[in-house]
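Each of the next two complexes has chain A plus one more chain, namely chain B in the first and chain C in the second.
And then the complex of A and B:
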């Protein structure tokens, strides 16, 4: 934590230099991903064939987008369990309210965004302003969102509109649109977090809310807004799912909660809050998805995939916990030497 | 039990009135409808998808054929085993004469069913095996012959691929008994020339279209040759089948259960995919009708039907056109089932479109 505050405080001075220096989390994720790709090439070449990737990348993109949303909340030391409801609601609003009619699609998408903002604001006020526990507040919100899902859909899946299928499922030069959406969102999040005053303040508050408050920053506002922007990410993911999957169920968000947390942790964002790593998060999403594809390609039962994701999460937490220990020992040694020097 | 009383309010809200169906029938009283008056409840373990909505509406329609049924109730367990048990207790406490139960939770609901049975209610579980024995734990179990489905698919596969080939079998959650039974049916008919390329006993999809898409793309990438795909939930494949185009391959033959969205998908894609032949068995919404007939017969003193197991009939065959050619109704929602006895537009209404 102390380290984070220091970094955030110096942000304006060495921003440019630091942004080009790969973090440890980034190196870990990239090395793991390359190793996984190598293993795939040797043991399960079909998982890295062009067709195999084309089939699986859209789902990696979805995990990346929800992961980026979850990352914003985790950066503020929170957790957003309303992700499942948020994604599912966007899916059913897009498919049901448009009713298969392209002309009504954009109205439905607009409404989905409005719902996302409302849900995010309620979460934000409960957690940021009224100081409720994030897990409790977002579990409640998730139940409310599922109420809305049932109200809109009655639990019935409906087929997406042809336009939505084209927007989310189409390709430009062989690259699925959903991947381009994920990359664009990643660039925006990275830019805002790392290059704007608002973003720097956001990270500083996540790292040490008390210090940020003392420095005169509006801590509650920033913490609340994390939930709003997180919901917007879930909304985009839900809208894309409604196009990628031709007849999505009304509960499509359920399977995304665990992966969203897994990629945030794998990317090196501390669960205690602080710096976020958008690029690493997106690579981690690719890693996690590729891990599932590898498991499928070598014939591990699909039911084992949740276990694989959980193991990846444990691995991620393990790696960074060890790093903390080392860093803490080093810091302790360093401060001791400084004390001695001063004397 | 006392808590169950509060449940009745919720159940009452879900009650389907007889008025809806009363308009459709009343022409003549079927033999399974006896002279004694009785009340009937349909209890669903999970009611939240289009298949269940059509099934529920079919149950109500069937019950309405019998004027001796004076009261008809419906309760949806919403996928929650506790609620499903509570619903059963509640209906028994209210003195409902007969109940037809879709016991999604399996043997977990058996104690509640047994209690209701001992209290004098006619209990007829259907489709999902809840364990127990007839006469002791419930009045009658009306199963569905999934083995029969497997045999139908197997026979068709032999017709379209007489030289043998690679079969990819997709089913729902890991270890579900429906998939295991269907595989047993296929194995009765298919010999060693037919190789199952999925992990034993079937590729797990949870019947989720999104998971199906991921599993199918992995299987296609892995296997250069897939001659026929077998799935027990046809409409969930609609989103996944276009994956074949990504690999520049034709969609192979498909043996599955019916659904309007699937039939329309075949219609749109058959020209671009020369190997895409389609064979469907009825998806089995009418299983509930047989169960309702049994429950009503036992409760009202009518003659029970001769069938004790629901056998899903073969529905579509794109090769022979018998018993039906593939039928797409683009004017109706994709989430209805043309194989069901219920009228198409009534189904559209049931799924809310």
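And then the complex of A and C:
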């Protein structure tokens, strides 16, 4: 009891530090990142020079944002393959519908958000309510989104408006705007997940839907909403890409799907669902991006970089897989029966 | 040793039905301990041939443990197992099966996705069916137990009772020397029970030793010769059934010492009623009524599985119900019942706690609204409330942010109680509140429940421990077969009365079982086909033909020999890869790495299979393709089975890795493929590519293996229900690793076709085949839940997908339509199939 009082008493002092209590994922990611930076300084200083970072950080920011979106879906035990379509659609809507005209930019951005919400809702209904498999539902949605991409763009890239380039590509005190966007989104996601009623319930449902259901929570609604908020993340990422890249293609999202899953896994979120780690996810995005920069700087051919990423992913999963085992076997046992009474 | 002596004394009396013989199974001084808790202590039992030996006892008395020791699933710490006088050490499931121990489980190991016949054939050794036509032999087995269902009916269309009969038929089929029946009549009606007893008598007459586990005294009298009673893991007595009275048996069952004290009961004779339930009916219970007075605790008793947990879950709003529920005089709607109730689930690990979260988070996740302002949490309020409640419940925790699993079972349960209390419920439902809780914490939990009840919140407790109900409850309703068998009040609430009411209840299931009715008389071939896995082939074929004709109407070139062979050639590459993907999905997994693997294998080929290479080099190229596929499949399978990766994680890492490997080998297109090789593989008979014919033949062969061979049943069994498959003796790990190897080998066949298509080693090719293969498989009608699938449907899906993509260009439509069609197709197919399955299932 004494021990208990002591801990609780301390809690009131360091209120805000508490949510940053290091987890296994956080420690793993931070240590790996620091080690990588150290190696960079010794062997490839150009990868950590101010110029090098300024060039590569925006891409890390994009991976971080889509990673945060994917994380929400993975937290609910899902998997979102429609990320590629979602990002690409936001890109082409911003570049094509604004027609290079700054005045129409915000209308286009608004439309991009509307499309994201619709796509997310359809995903959410298919998976959360109609109980379709997440992979099947999001493969289908991805194709539909690409249909929209071609309807908007005809598959031809177009140069973005100057205003967008300024919003996404500009710098404040040498820090690219896109990085600031990523950090702001990270703070919002962290705050909502850890400090609000819906966020805490969202995590509880992801960690054990059966217990949440038994406690009377609306499991399906939360599962469906994960897809909506994920799409909003993809949309922001797409809009930023349209400003960062001078002439973004219609397939801009394709190359982001795998990194998005990789950073979520590296940050310690279980693919079976549960707690999410927004800060670790963002650091993991930086790590993954920096890994490529390092490889590039020391002369590893571009081609071999994905092998390094794959190894990093295997290592990341390996670190956490022990903890997953129990959850996996338990779920395998009940997965068949849960379906019908999960009203 | 003393207990063995007692048994010997009993045995000296002559038996009425069987000749005196040496015991088939002899268990001597068996002791089994689970992490400090003694499950069986010094138990000795002899099981004789030609006899039904009943094992009697309350839940948790050690009956299942005893059975698992005989079947080799568990190994005893101390004690000797003898079979026909020979000491078996150690006993393993394989050894037990070889000795002829056959088990009918209480929860049938029946695979829903397989047909009745397939269930029998995958679970039984081949020799059982060697004598003649397997269908006739299976028919005879089912007739034996009075199960009249079509052999090709899917097991999920069977009622619970029919599944039990199927389980029993499996157990009897091997004509075992030792037959264990665990509560076989729990779901059976009167006729089926009679029939089962007749069967048991006939196998006993042939010399089988039967171990019959039951709760029902009435059944014991009908069927058993000898009885052993277990209590608290100890041998409480054994006798010949005809020599012992019901009262003697009851005395042996009850009377276990309970080490904890109970708070005093409600003294008020006629308290104000604050919670009533009238005529409550649901899926597994009927017409349940009771009333709770202020300060009273009501208990629900009965042998496990007689509707008690159904009542609890209905009152928690987790199951649909009909009837009238009143709280303090007001009738509640189902939504209000859900909102007002606080449910403490019996399965704490499954439904009570969230293992990944902290103690504090576990305590508050349903009550968070109270600590928040506009949805934003106040940490101070939350911690304050948690500390207050934890204080009054004396929860012992190393800290509020400790992991919930670091607490003892009793403290975990108190955290669950804290959550229930913090949400300020209208009434509390405690389902098995002290299961897995140590003695000290038990008393605390009883005290808390009593305090809650006294404060005016109605408390309903379900427990399979009659002694606990005696100590805790003021009113106890005893349930049997989903109905209230007896309501006990005041001084009548004794362990003896509760157990007597539960085990003496003779009523059999009515209206639930329907075991002996010949179900689904309409067994025409057509209906059977519609319910089969291959049903999708017909609508798919229709769509393929109609679409072809429509496009032909728009553009006559569409059905030209050139275009047809073009479509089929493209479909062949996709088809082979999708056949592989089908295997992964059948096993309940997925393989994301097939696309990059196909691309990688073409790149490998592009170094060997070139113009001007010797035949040996070309052969080496093909060999390397298949060897690389073999390696990739093995790595995937091992990552999944041995390193605990989820299939998505393992094959995703492989996806990225293979893509990198392709680019390492070639940074751009290069290495033209040998023309002669391409010509040979792309050879056509008229408009039909030979390769496509090969694909169809391979698919038909695979389909045959899937339906008719043990290997195919094993794949489906693993995907259908891994645990049941393991209980049936299937080597799950080997099957799954073999499965992923098969996926990669099929992908290698697809890669050969892809090589012919692109004609050059291009590291950027192939990746798209991952999503395309999943699309084709889903279109074909294979379920992503595992266990159900069709190779023929997959080929149709591949053809349809290719046809659609091809049609778009012939119709002069933009690329938009290509994507829209593809997306709509997969979503429509998935929705139609899942709806159809759901309806077939109900």
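Keep this in mind: the second predicted complex is superposed on the first by the 302 of 343 C-alpha atoms of A that agree within 3 Å, B and C clash if a C-alpha of one lies under 4 Å from a C-alpha of the other, contacts with A are read in each partner's own complex, and residues count from 1 in each chain.
Criterion: contacts are C-beta pairs under 8 Å (C-beta built on N, C-alpha and C of every residue); 3 or more make two chains touch, one makes a residue touch a chain.
Owing to the predicted nature of the structure, the values given are computational and were not obtained by experimental measurement.
*Asks:* Who does A:275 touch here: chain B (first), chain C (second), both, or neither?
*Replies:* Only chain C; A:275 stays clear of chain B.
*Asks:* Give the label of whichever partner, chain B or chain C, reaches more residues of chain A.
*Replies:* C
*Asks:* Please work out whether A:56 is in contact with chain B alone, chain C alone, both, or neither, and reply first, second, both or neither.
*Replies:* The answer is first: A:56 touches chain B but not chain C.
*Asks:* With the two structures laid over each other on chain A, which partner does A:207 touch: chain B (first), chain C (second), both, or neither?
*Replies:* Touch status of A:207: second partner only.
*Asks:* Applying the document's definition of touch, where does A:249 land relative to chain B and chain C: first, second, both, or neither?
*Replies:* A:249 contacts chain B only, not chain C.
*Asks:* Examine A:156 and indicate which partner it touches, taking first as chain B and second as chain C; both and neither are also allowed.
*Replies:* Only chain B; A:156 stays clear of chain C.
*Asks:* Could you look at A:46 and tell me whether it touches chain B, chain C, both or neither (first, second, both, neither)?
*Replies:* first
*Asks:* Could you tell me if A:110 is touching chain B, chain C, both of them or neither one (first, second, both, neither)?
*Replies:* neither
*Asks:* Should A:292 be classified as contacting the first partner (chain B), the second (chain C), both, or neither?
*Replies:* first
*Asks:* If we overlay the two complexes on their shared chain A, which of chain B and chain C does A:170 touch? Say first, second, both or neither.
*Replies:* Touch partners of A:170: none, neither chain B nor chain C.
*Asks:* Shared contact residues on chain A, chain B side and chain C side combined as an intersection?
*Replies:* In the superposed arrangement, which is not itself an observed complex, chain A uses residues 150, 154-155, 301-303 for both chain B and chain C.
*Asks:* For the complex, which residues does chain C have touching chain A?
*Replies:* 112, 316-320, 338-339, 341, 343, 345, 349-357, 361, 364-366, 368-369, 372, 375-377, 379-380, 383, 387, 390, 396-401, 419, 423, 590, 639, 643-646, 648-650, 652-657, 659-664, 667, 720-723, 763, 771, 774-775, 778, 784-785, 814-820, 822-824, 826-827, 830-831, 834
*Asks:* Please give the residue numbers of chain A that touch chain C in the complex, ascending.
*Replies:* 1, 3-4, 7-8, 11-12, 15, 18, 21, 79, 81, 126, 130-133, 135-137, 139-151, 154-155, 195-198, 200-201, 203-204, 207-208, 210-217, 258, 261-262, 265, 270-272, 274-275, 301-311, 313-314, 317-318, 321-322, 324-328, 330, 332-336, 341, 343
*Asks:* Report the residues of chain B in contact with chain A in the complex, numbered from low to high.
*Replies:* 47-50, 53, 173-174, 199, 203-206, 208-211, 213-222, 235-236, 238-239, 242-243, 246-248, 261, 333-335, 351-353
*Asks:* Can you check the complex and tell me which residues of chain A touch chain B?
*Replies:* 44, 46-47, 49, 51-52, 54-56, 59, 99, 150, 154-159, 241, 244-250, 252, 255, 292-293, 296-297, 299, 301-303
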